[in-house]
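Scrolling down, you'll hit the structures one after another.
Next come two complexes, and both contain chain A; in the first it sits with chain B, in the second with chain C.
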Partner chain A sequence: MDKFKTSTAKVDFPEKVRGEAKFTDDISFPDMLFAKTVRSTVARGKIKKITLPKMPEGYHWFCADDIKGENVVNIIFSDWPVFAAGRVKFIGESIGIFVGKDKEILDKLASEIKIDYEEETPVYELTESYIHKAFKKGDYEAAKAKAVKVIKHTYETGYQEQAYLENQGIICYFDENDKLTLTGSMQCPFYIKRAVMRSCGLKDDEVRVIQPAVGGAFGGKEHYPSMIGSQVAVAAIALHKPVKMCFERAEDITFTTKRHPSHSEYEALIDQDNNILGLKIRVGLNGGAYKGCSGVVLSRALIASSNAYVFENLDVVGDVYMTNTTPTAAFRGFGSPQTIFAMEMFIHHVAKELGVDPLELRFKYLAKQGDVTANNGHFHDPIVLKELMEKAMKMSDYKRKLKAYSKPGCNKGIGMSIFLHGCGFTGSGESDIIHGKVKLVKDEHDHVYCYAAPVDFGQGNRTTLKKIVSNTLGLPEDQVSFEAPDTDHTPDSGPTAASRTIIIVGFLFEKCAKHLKEIWKSGERQEYVEPYVGPSYIHWDEDTMQGDAYPGYSWGVNIVEVEFNPVTYQVSVLNTWSTYDVGRVVDERIAVGQADGGLLQGLGYGYLEEMKCVDGRMRNRNLSDYIIPTFEDAPHMETAFIDNPFIYGANGAKGMGELTLVGGAPAVALAIENAIGRKISKIPANPEYLMEVMKHEN
Partner chain B sequence: MVEKYIPASKKEALEVLSKHDCYIVAGGSDLMVMKKNTAGLAPKFDKDILYTSHIDELKGIYEDEAGVHVKAGTTLDEVLNSKLAPALLKKAVSQVASANIRHFATLVGNLANASPAGDTIVVDFLLDAKVKLESVGGERIVDVENFVLGVRKIDRHPDELITELIFPKLDYSGDMWWKVGSRKADSISKVMVAGYWGIRGKIVEKFALSFGSVSIKAVRSHDIEKEIIGLSVSELKARKNEFIEKYGKIVTPIDDQRSNAEYRHKVAMNIVSEFIDKVVGGK
Partner chain C sequence: MKINFNMNGKPVEIDVDPSMRFLDVVRDVLHLNGTKEGCGEGSCGACVVLMDGKSVNSCLLPVANAIGHDFVTIEGLKETKEFDILQQAFAEMGGSQCGFCTPGMIIAAYSLLKHNPYPTEAQVREEMSGNLCRCTGYQAIVEAVLKAAKKGAGLW
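Coming up: the complex of A and B.
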């Protein structure tokens, strides 16, 4: 019995099942005030004049003029102002907040404020590039000489909304020592701390951030809470009172960040033996009004653009385009769902055009240990992709079904995606930029407390990290606890992002526990702090995008079976079979939870979830119009893991948070292709799109 | 400030309505969403509220010579579990929202809110349902097709309470219900089609089709039905495209955040085609 894998009860089950967990909107303080955002009603323009309504006593207005530090949200590229300063760039941009005791009066003030704009012509098309990246492998132009054929296709992906259960919300208050403190729905406590320090002009010891229970994030709470945190902090400092701002669902869906829509052009050079000599890839992402973290999203989209395949010649260029729309930012997968969808469809379409078996073509280019990556780094670790594929094909009876479903008119289909995901920050970022640290404290009763920054927003960090520590120390699980992040007591182990929690923070905890074990003295208070030291062989140049893009990779295969209704063009997802290499799983039930949830979110992205932006306005404003799959839509799912221990992972574990999402869309799209016998080049492949596709003969 | 009335009986409810213009809250599953306010604030009701969900005499399903009577306080779940409710109605009800909403939403509420996407209204139209309204001055019965006037508009006077929906006995040999939603549960319909038919010998004796989510209210054409009734099965088969075209003219959907007009129209016509195939197929 593998003690690591055996499922344990999630530590947050009891408090959540009993309804005792305190989420942001459950938290209240004496004298607490509420904040209500006033937003731009035009997509692009100058603010000519703000006319405030008559303000009742105890009600206040805060805007750009009230910012004591820098008026920027501290994101990777800090171009997004906390409050619009003189001009607005999208409908819904925060101009200011009303603060006061009664929400009804705040709503009234927000409806009465008058803002005069000098409107400018907004941009909605992908025409104004504001981030540009490129890299090459081999020599694509020279390879052209050997090509007898060039195949080109274009792919499009839409917005995706994180649709976490709990809307965004932050409270800023003063703790027992009168220190400025923020608590709220968040992914990265230290990001909020640094953002508030910057916008409010405060020092490191003047801001504290504490994480309460958080109801889902999926990337949507990586940066946005830094903005609302800064906004409520401005008011709380000025009034010296607690200020809370929690979003309504419509406000959250319409104005907070979501996944980048994309447009990708793929070109393949083919020689006389039907070999792919090289790929030329052009990727465009819609970044919305502000850059924020879009540069990194683009970077990761491009790195993933040839997916789990190795080609000799690559010419990869990408741009992020400014549009006057809600900014796009982090979302589980971070750029790779867009390009992995495109690559998986493309290799299939190339095979079809060449008249060769898509499976054979894919096998021919599968990455193997030692291969040179797209960025001229190496796949250093063993790769078990072939085993993953064979196992998934066996579980699903893939080959037989594929053949049976290829007969016209049977309306059933099966599709397979294979994919990889880089874990941790890009390149050597973990060692060079993040410098993550964790701390273990043992008290006099030999109880061990784990301190680190990962936020458990439902995915199970509190359970898995604690388990790594208790197993390493050989202690019963109830002798170890995981403390919710509090920036005054928790070392900065980095953000809860980039599939890094287990591969990086888990690994740190394992090392830290080993060190604590070495110095263990029963009955004495002891503590140990462990800094991250990554693989020394990882080198990366972000400017040229050359080198090893990630410290390690996880791999996966999804096979999806669908039924197509030719009367209504609706798709039912019947079954899925998945295999993953995540090194070794830390806890089987939590791993399956990530696998099922990630795949369902990826399937939703592929065939269901559509957000329309018309003239700068999001038309889908609630969860009855923005359609995510329900339990009834969820297929029967089977999942298996293949062990492939990673030497820089806790007990061999790698990341899996994002991996499980990226294969869903191409697998379901390929299954639909198989069912309808026509080419899919856009997601979501929803009934309206499939109606269009069915108009054309294949 | 709005008043809230919690009458002890139907009689008391009618008395309240004789003096006050009220929102009538039965299940509240539609009204509470329509009157939604910022979290933590009371819903935005702009006139008085009359609660009826606790009044026992407004609940239940019974049958008499006029047909099956579904009283106004009957929940969708109770309809679903009733032996008396028409089978086609139950099919439609089983796909409304989710199980938890069906436990407090009422069948009459679905009609009274008169949403163009109200699922059960399409079946009410198809089955010639009649609406019974009562007031202190008496009662009246209205055909459901005349009762629904438009988007969220119904023929109810402020002093009236809908007390029953009556489904006359209909005899037919086959029926069909299509709800085309955006997903399998908790879904607002993009297109709905309900239909029934009856064949005697080789003659189409009965034929009815109604549509939802394709116009400001549910749609049914008695004119087209009259043309079809009396045709032989082979005549209907031969003239299928002609009738699809005729139905195509009364189905006039729009683009919105849930779908587009072309899709709704095309799917409605595909379903009419399927339906006619089924009728002439004799099943």
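Coming up: the complex of A and C.
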């Protein structure tokens, strides 16, 4: 029996099912105060004057003037102020916080504060590029000479809200040694620690961050908690009291970061034998008011823009545009769901236009081991994409259904997406920038404690990482513990992001456990710290975007079957069949859980979830008007894995958190195309859009 | 205003504003933190509790309407045999990831099985559709409820 794949008990399950796990809002301290944010009501302008209401005793106001360090949130590109400094750039930007004991009084103060603005004309269209990236492969211009046809299409994707069930929230307090400590709903404890150090002007040993139970994140808690953390820290330090700020749903949906809306233009050069000679790709992302991590999102969107296909000539350009709207940032997939949707639709649309079988056209350009990637690196490892496709097609009876559903009036459809996802930080970032470390400590009773920074916000990594250690050491699972990250005791193994937890941190734990095993002395306290050393053959230049974009890739296929209602234009997703190459699965039940949950988020992105921003204001305010899939929307899902062990992964495992989301939207969109016999070029393909498509082409 | 009801089998008397949300009474007055707030407007089901054996969104219930009723939260349910069957089924099928919706899911599943001990898959999906989960894709939860129905046959 394969002890790695066999499902093991999820370590955090008992306390969660019994309602005993402490999430942020379940934690309180004596003397704790609450904070309420005052937000900009204009999209762009100067703050002329702030008139505070009469402040009751014990109530306080904190704003940009109170910041002792730098007034920026420490993100990859730190342009977002902790509190607006003299000017505002979007509706909802934090201007300050009221702090005090009674939430109702805080709400009253927030409604009474008067802020005078000198308004400026806001920008809502994609016209002001503030990040620009480009790369080429081969010579697209020269290839034009051999082309007999040029095919162009445009694709659009909307916002997507993470919609984790637990809203954002942070508490800042002083620990038993009077050290400034933050706990809260987070993905990256060390990001918060560094952000608070920078905004409050504190040293490394003056800030501690501890992770409690976290109710979902999906990228939405990668950077935003650094802002809330900085804000409550400013107040907690000044008052020397615990300060808690937990958002309600409306505040969370309207003002926290979401997935970048995109607009992509694809152009293909076709020769006389219907070969695709090359692609010209232009991608625009709406970054909102501040850059934050948008540069990296763009980078990953462009790298993924030709998806799992290899073409000789590529001309790829992308921009992130500043608009006076809620900033967009990390969300599971990080740029690639937008371009993978566009590429999957485009290759299909090209095939249709050429009158060739889309499946054959896709097979012709599938990536193979040794191929040169879009960025002139190489696919170094074996690729089993063909096997994944064949297996998924067999599971779903794809070919028969595709033919049957193509008959007009049957109102059923089937669609397939093929996709890849780069695991870990781009290029050699893991070795050069992150320098992740993990630590194992063995006590006198030979019990082993695992220390690393990844936050388990549902993915199950407390269970899977612990399992990698216990299996490598050959110990029973109850002889190994994995504690939640606490920056005072945990080495910085990097953020919980980029599908890196298993492929990078898991690999580190496997190596660390092997080393501990070599020096193992029963009955003695021992510890071992393992630093990350990546594959030496990975070289990447971020400025030119040339080289190996990722240390490794995971691959997948989604097949989706839908039913279309020609009266209401509603789509029901009936069944899905998915196959994945994630190297080797660490725990079957957890892996299937990632596959199911990721795919449903991807499907929701494709046909259901719509967020609208009108005149700088988000129209959606709760889960009643931002619709995520329910029990009844969710299809029956079947998932299979094909082993393809990765030599730099724990027991061969690669990443899978994001992979499972990126194929959902194109698969459901292609299924809808099959059902209605019309082209889909925009998601979400909801009834309003489908009605437009049906009427327009009639 | 003095308000009386039963919570987890014990009589409770509290003196609060009658318009207070029952969710706030549960969490802030009675300190039963297993009941969660996800949306505050009855869309997500994270706050469901049993009211006379049926699941209700505690965020939509003013405490004045609680007078004289019997309530059970996850803290009360976790001592029962039915809970044990449900939690085992959730564990085996992988019905919980981040865990924030889980107490609400367990309450909703219990309420469903009490009224319909042998539900079909479609009935589980329909009757639990007031409870949102963003992690699992729901399939594991559906399988867990069906498994619990089978394993607890006769108990519900």
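Note that the second predicted complex is superposed on the first by the 696 of 698 C-alpha atoms of A that agree within 3 Å, B and C clash if a C-alpha of one lies under 4 Å from a C-alpha of the other, contacts with A are read in each partner's own complex, and residues count from 1 in each chain.
Convention: contacts are C-beta pairs under 8 Å (C-beta built on N, C-alpha and C of every residue); 3 or more make two chains touch, one makes a residue touch a chain.
Please read all numbers here as calculations on a predicted model, not as lab measurements.
Once the two complexes are laid over each other on the shared chain, residue contacts for A:E70 go to neither chain B nor chain C. Shared-chain residue A:E267: touches no atom of chain B or chain C.
Looking at the shared chain after the overlay, A:D25 reaches both chain B and chain C. Of the two partner chains placed by the overlay, chain B and chain C both lie in contact with A:E248. Of the two partner chains placed by the overlay, chain B and chain C both lie in contact with A:S624.
Of the two partner chains placed by superposition, chain B and chain C are both touched by A:E632.
Of the two partner chains placed around the shared chain by superposition, chain C is the only one that A:L599 touches, whereas chain B remains out of contact. With both structures placed on the common chain, the touch criterion links A:L608 to chain B but leaves chain C unconnected. Once chain A of one complex is fitted onto chain A of the other, the partner contacts of A:E104 are limited to chain B, with no touch recorded for chain C. Measured by the number of chain A residues touched, the leading partner among chain B and chain C is C. Residues 25, 248, 624, 629-632 of chain A touch chain B in one complex and chain C in the other.
Those residues of chain C that touch chain A in the complex are listed here as 32-44, 46, 73-75, 78, 87, 90-91, 93-94, 96-103, 106, 124-126, 128-129, 131-142.
Interface residues of chain A facing chain C in the complex, by the touch rule stated above, are 7, 9-10, 12-14, 16-23, 25-26, 162-167, 213-218, 248-249, 457-460, 589-590, 592-593, 595-601, 622-624, 628-632, 634, 636-637. By the touch criterion stated above, chain B contacts chain A in their complex at residues 38-41, 98, 178, 180, 182-188, 190-191, 257-260, 262-263, 266-267, 270-271, 274.
Within the complex formed with chain B, the chain A residues making contact are 25, 103-104, 107, 246, 248, 566-570, 572, 608, 612, 619-621, 624-625, 627, 629-633, 687-688, 691.
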